[in-house]
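The two complexes that follow have subunit A in common; it is paired with subunit B in the first and with subunit C in the second.
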Partner chain A sequence: MGMFGQTIVYGILVGAMYGLITLGLGLLMGVMKFLNVAHGTFIVLGGFVAYWLFAFYGVNPYLSIPVVIIVMFLVGLVVYKVTLSPLLKLPSLGERINSSMLITFGIIYVVDNLMTILFKPDVRSIVGPFTGRSIDFIGSKFSVTGLFGLAIAVIVGVALYFVLARTSFGKHVRAATQDSEAAGLCGINVQRTYLISTGIAVALAGIAGVIVVSSYSISPNGGLRWLLVAFVVMMLAGEGNLNAIIPAGLVLGLLEAVGVLLVGASYRQVVALVIFIVILIFRPQGLFTKRSLHY
Partner chain B sequence: MLEVSNISAFYGDIQALWDISLTINEGEIITLIGSNGSGKSTIMKAIAGLMKPRGGNITFDGVSLGRLPSHGIVDMGISLVPEGRRLFPEMTVLENLDVGASAKRAREFKHSTMDFIFGLFPILMDRSRQVAGTLSGGEQQMLAIGRALMARPKLLLIDEMSLGLSPIVVDDILQAIRDVNGTMNVSIALVEQDVSAALSIADRGYVVHHGRIAAEGDAKALRCDSRIMEAYLGVYVEEQAE
Partner chain C sequence: MRLRSLPVLIIALIAAALIVVPLVIDLGSSSMNLLIMLFVYIILSQSWNLLGGYAGQINLGSAAFFGCGVLVTHLLWKTGVSIFVSIVAGGMSAVVMAGIIGLPTLHLRGAYFAIGTMALAEALSIVVRNVFPMALSVPSSFTANFNVFSRYYMGFAVAALTLAAVYLLVRSRFGLSMVCVRDDEEAAQATGINTFKTKLISLLISAFLAGLAGGVYAFNRFYFHHISAVFEPIWTFEPLMAVVIGGAGTLLGPVVGSAFLVILSELFAETLGEAHLIIFGILLIVVVLRSPVGLMGWLERWRRGVAALGGKAKQEKGL
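Up next is the complex of A and B:
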């Protein structure tokens, strides 16, 4: 397969992770119109939970995911109760987006600095049994951590789809997304639906953090890098189009990998941000969405 | 059954309702009539918990609705078909009905209620897999009423029922409302532009004017009272449309 095949493999593995790190951001934005700029911080926090479980107890990071989900879900509940729930009183969605952005920006400062005090500002990664290993298949190398990331991204993406499409909780979420006032008139407790959705969104960030700390590295101030990637993927998918997030992640991963092949690895972030700008100019509703945005 | 006593309501600083009192008895159909912007919809919203009245009290079966959120009021047995239908446009007809049965009191009756609604509006069964946003106006209004009935209300509030619908469809829906009232023993409060149609199916009516109850009485009596019909519902318009 050679160089090009390896590039495609790399793009798919990285792209799946890009999709995974975006799910939580897309859920909060799509359902509640909360623009959570602390999403990267929550990814890092989830990564730290897995890191300390590994460092102290030797827990395999992929096995620590259930613990990370529970811890980060609770973090999400607190974040919603304390900071986000008052925003529902705001009359317009635009105000809700703006205020949630400011509030979560504050959360970045508080949580990042707390993590710096508690965990030291060091860059951490989990060097486990799979780190650096790869499998040769059809002439290309597949990194084992990348394959785990791909598998988890697909599992989580499909699970989220089923929860939203099939369960009654999912129907409540979609109803509240389309018309929250009408959802209340149907007897849905919209506040509780939002509370649980925020918990799920932050838990999704935590799962992404496990993959990041296993395949890459984390540091208390390193959330911004992942937030930027998640923004680009969310724009590609089309805001509110949750089912398109994993595919959009793959698109970004592949475009980036091919771009790096053409212009060199030092331009990796430039490639992503150029894609971001081009999408914003020409297709602000995203690649996968027909509907246009309206605020 | 429902007792609204002396409520006032504001949109920001602008007062919309003054000292409104009304009663809805079990099994009754009442109608609120009045010109655009008179406050009929605001009364409906206050009962359904979409806006909180200042002062006064609303009780249902003796229980104060006071600070209940709108979903709590659905749990009590009051459902609102809101102005403009407010369906979930990207969900199918079936999903809209399904979501309508979210209240605890409604869940166990979901299938039987759905059968009843399909009997009431057979067209909804034909359209059941279709996305609500693609339905015609009349079908959307039927679905909106069906969705509200899925919550098994004891009292159904219907706001601006015939807005944008053809007269034939309006007749069908009015007939269905009469059926619901008769067979499900659901009390009904109707806000309707077509005053004579509304008074023809209602037991009693309230005339709302400038945010106050200007007159009330037996529907037949109101219909025959030319003084009221002319003063509050006649051709002259002295206020801006909503």
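Up next is the complex of A and C:
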């Protein structure tokens, strides 16, 4: 297999993580029409929860995921109650998206700088029992943290699909966005539905943060990088097409891995931006949807 | 009548004071630098305002355009090109970047443009970090005949020209179509406005202004430890904040917001360090939620209130 095979493997493992990173953003934007620019910041915050649990109590990062979910879910509830719920009054979805961008842009500065003061601006990562280990399989190396990331991405992706597609809660979420007034008339508590979904979206960012901090590293100002990756994946999947997010993450991971092979690792994010622009020009509705986003 | 001519008088007085006072009184280099930064922020926030406040397109990557202006101006200027040419070239480089990101994204929903600009700023920051890993500085002959007045009046002139340009632009036919696109894109299209073209032209002008702001900033600096720092999100956040606090879609709002921001940063940065950005972030959220009209909106309301009290009670419905 050699160099090329290794590139493919790397692309798949990174791509699964890219998909996982995007789920929370996709849920908020695709289903509720809040564009959460602070998504990357929440990923970093979730990563820090896992980091401190590991640093103080020696908790294995993968076992700390339930705690991270609870903490980040509560963060999401506060974020929704304080900043996003007033936006439901806005007359159009476009205004809701624009205002939520400005507000979450403010959240970035609040949370990033709080983290900088509390945690110092250092770059941190969890060096646990699996770090640096890899498994040899069909001539390529699979990093153990990468495989954990892949497994968690698939589990979380499938779980989210079941919640949204197969439970009455999922129906309520979709109904509330399609027509919040009609949903309210049918007895759906729109505010409560949105409250809980925001909690879930932020918790998803937290789970992604755990994977990031155990495979990569986090720093208080490092959220932007992950936000941009998540946005490119969301666009590849097609806005609102949550089922395609994990596959779209794999596509980005593979494209990026091949691109990096050609131009060098220091231009990784530039490769993602070029993919972003190329997709916008040729398939703005995403790779996995047929619906057009043009006016 | 008196109320209407009052703002014009105040603006004229402020402008005259800004021209004359530095010549008469020695303000000291730190106040002069503060004023130069105020001019940079006024140009930059006006650039954001033109696109975000009037044309309704949220730009989360002004830093890309500002940074291009700084970089190109700095590189040209130090090879001996006239500073005027360098600054204009800096503005044009920002226009090119704006075209690259605007052409594919402005067809789509606003969110794509916002994220596109954000990604552009980040990508440029990375490329610049790789291309210029070392500190950049101008030749020592430049530092020898440094004159703070030329920086000050350059900043003042560009800021004044920017304000005049935006004033004229929003009163033109094109300005009307920008506001139309912001208020209701579909309706604007139905009345025959080419919405894509309107958005694109507003973006190109806005990027040019941001590039000029970068040029003025580069003119005032001889040394950049990390030139990639001028592409950092803080250069987007602060002008955006100045516009939102001052009042988006008004001519004077960004000016008031910039003054507010520069004064507050100066007060807070020394005492609070990073914490001042937390206060700014909270302020931004509160203003967007509670009072999207900003300071100029409050002032307008107050003026109307005063006018209504002054025997014009009939017009109260205009409140």
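Keep this in mind: the second predicted complex is superposed on the first by the 293 of 295 C-alpha atoms of A that agree within 3 Å, B and C clash if a C-alpha of one lies under 4 Å from a C-alpha of the other, contacts with A are read in each partner's own complex, and residues count from 1 in each chain.
The criterion applied here is as follows: a contact is a pair of C-beta atoms (placed from the backbone, for glycine too) under 8 Å apart; a residue touches a chain by one contact, two chains touch by 3 or more.
None of these values were measured; they are calculated from a predicted model.
Undergrad: Report for A:70: first if it touches subunit B alone, second if subunit C alone, otherwise both or neither.
TA: A:70 contacts neither subunit B nor subunit C.
Undergrad: Figure out whether A:37 sits in contact with subunit B (first) or subunit C (second), or with both, or with neither.
TA: So A:37 only meets subunit C here.
Undergrad: In the superposed arrangement, does A:8 touch subunit B (first), subunit C (second), both or neither?
TA: A:8 contacts neither subunit B nor subunit C.
Undergrad: Is A:231 contacted by the first partner subunit B, the second partner subunit C, both or neither?
TA: The answer is second: A:231 touches subunit C but not subunit B.
Undergrad: So, A:258: does it touch subunit B (first), subunit C (second), both, or neither?
TA: In the superposition, A:258 touches no partner, neither subunit B nor subunit C.
Undergrad: Under the stated touch criterion, name the partner, subunit B or subunit C, that contacts more residues in subunit A.
TA: Touched residues of subunit A are more numerous for C.
Undergrad: With both complexes superposed on chain A, which partner does A:183 reach: first (subunit B), second (subunit C), both or neither?
TA: A:183 contacts subunit B only, not subunit C.
Undergrad: Which partner chains sit in contact with A:280 here, subunit B, subunit C, both or neither? Use first/second/both/neither.
TA: After superposing on A, A:280 lies in contact with subunit C but is clear of subunit B.
Undergrad: Which residues of subunit A touch subunit C in their complex?
TA: 29, 35, 37, 83, 86, 94, 97-99, 101-103, 105-110, 112-114, 116-117, 224-225, 227-228, 231-232, 235, 266-267, 269-270, 272-273, 276-277, 280-281, 284, 293-295
Undergrad: Across the complex, what residues on subunit B touch subunit A?
TA: The contact residues of subunit B facing subunit A are 48-50, 69-71, 74-75, 79-80, 82, 86-91, 95, 98-104, 106, 147-148, 150-151.
Undergrad: Going by the contact rule at the top, pick out the subunit C residues touching subunit A in the complex.
TA: Subunit C reaches subunit A through residues 56, 58, 60, 100-101, 104-105, 107-112, 114-116, 118-120, 122-123, 126-127, 130, 185-186, 189, 195, 233, 237, 240, 244, 273-275, 277-278, 280-285, 288-289, 292.
Undergrad: Sort out for me which residues of subunit A touch subunit B in the complex.
TA: The contact residues of subunit A facing subunit B are 168, 171-172, 174-175, 178-179, 181-191.
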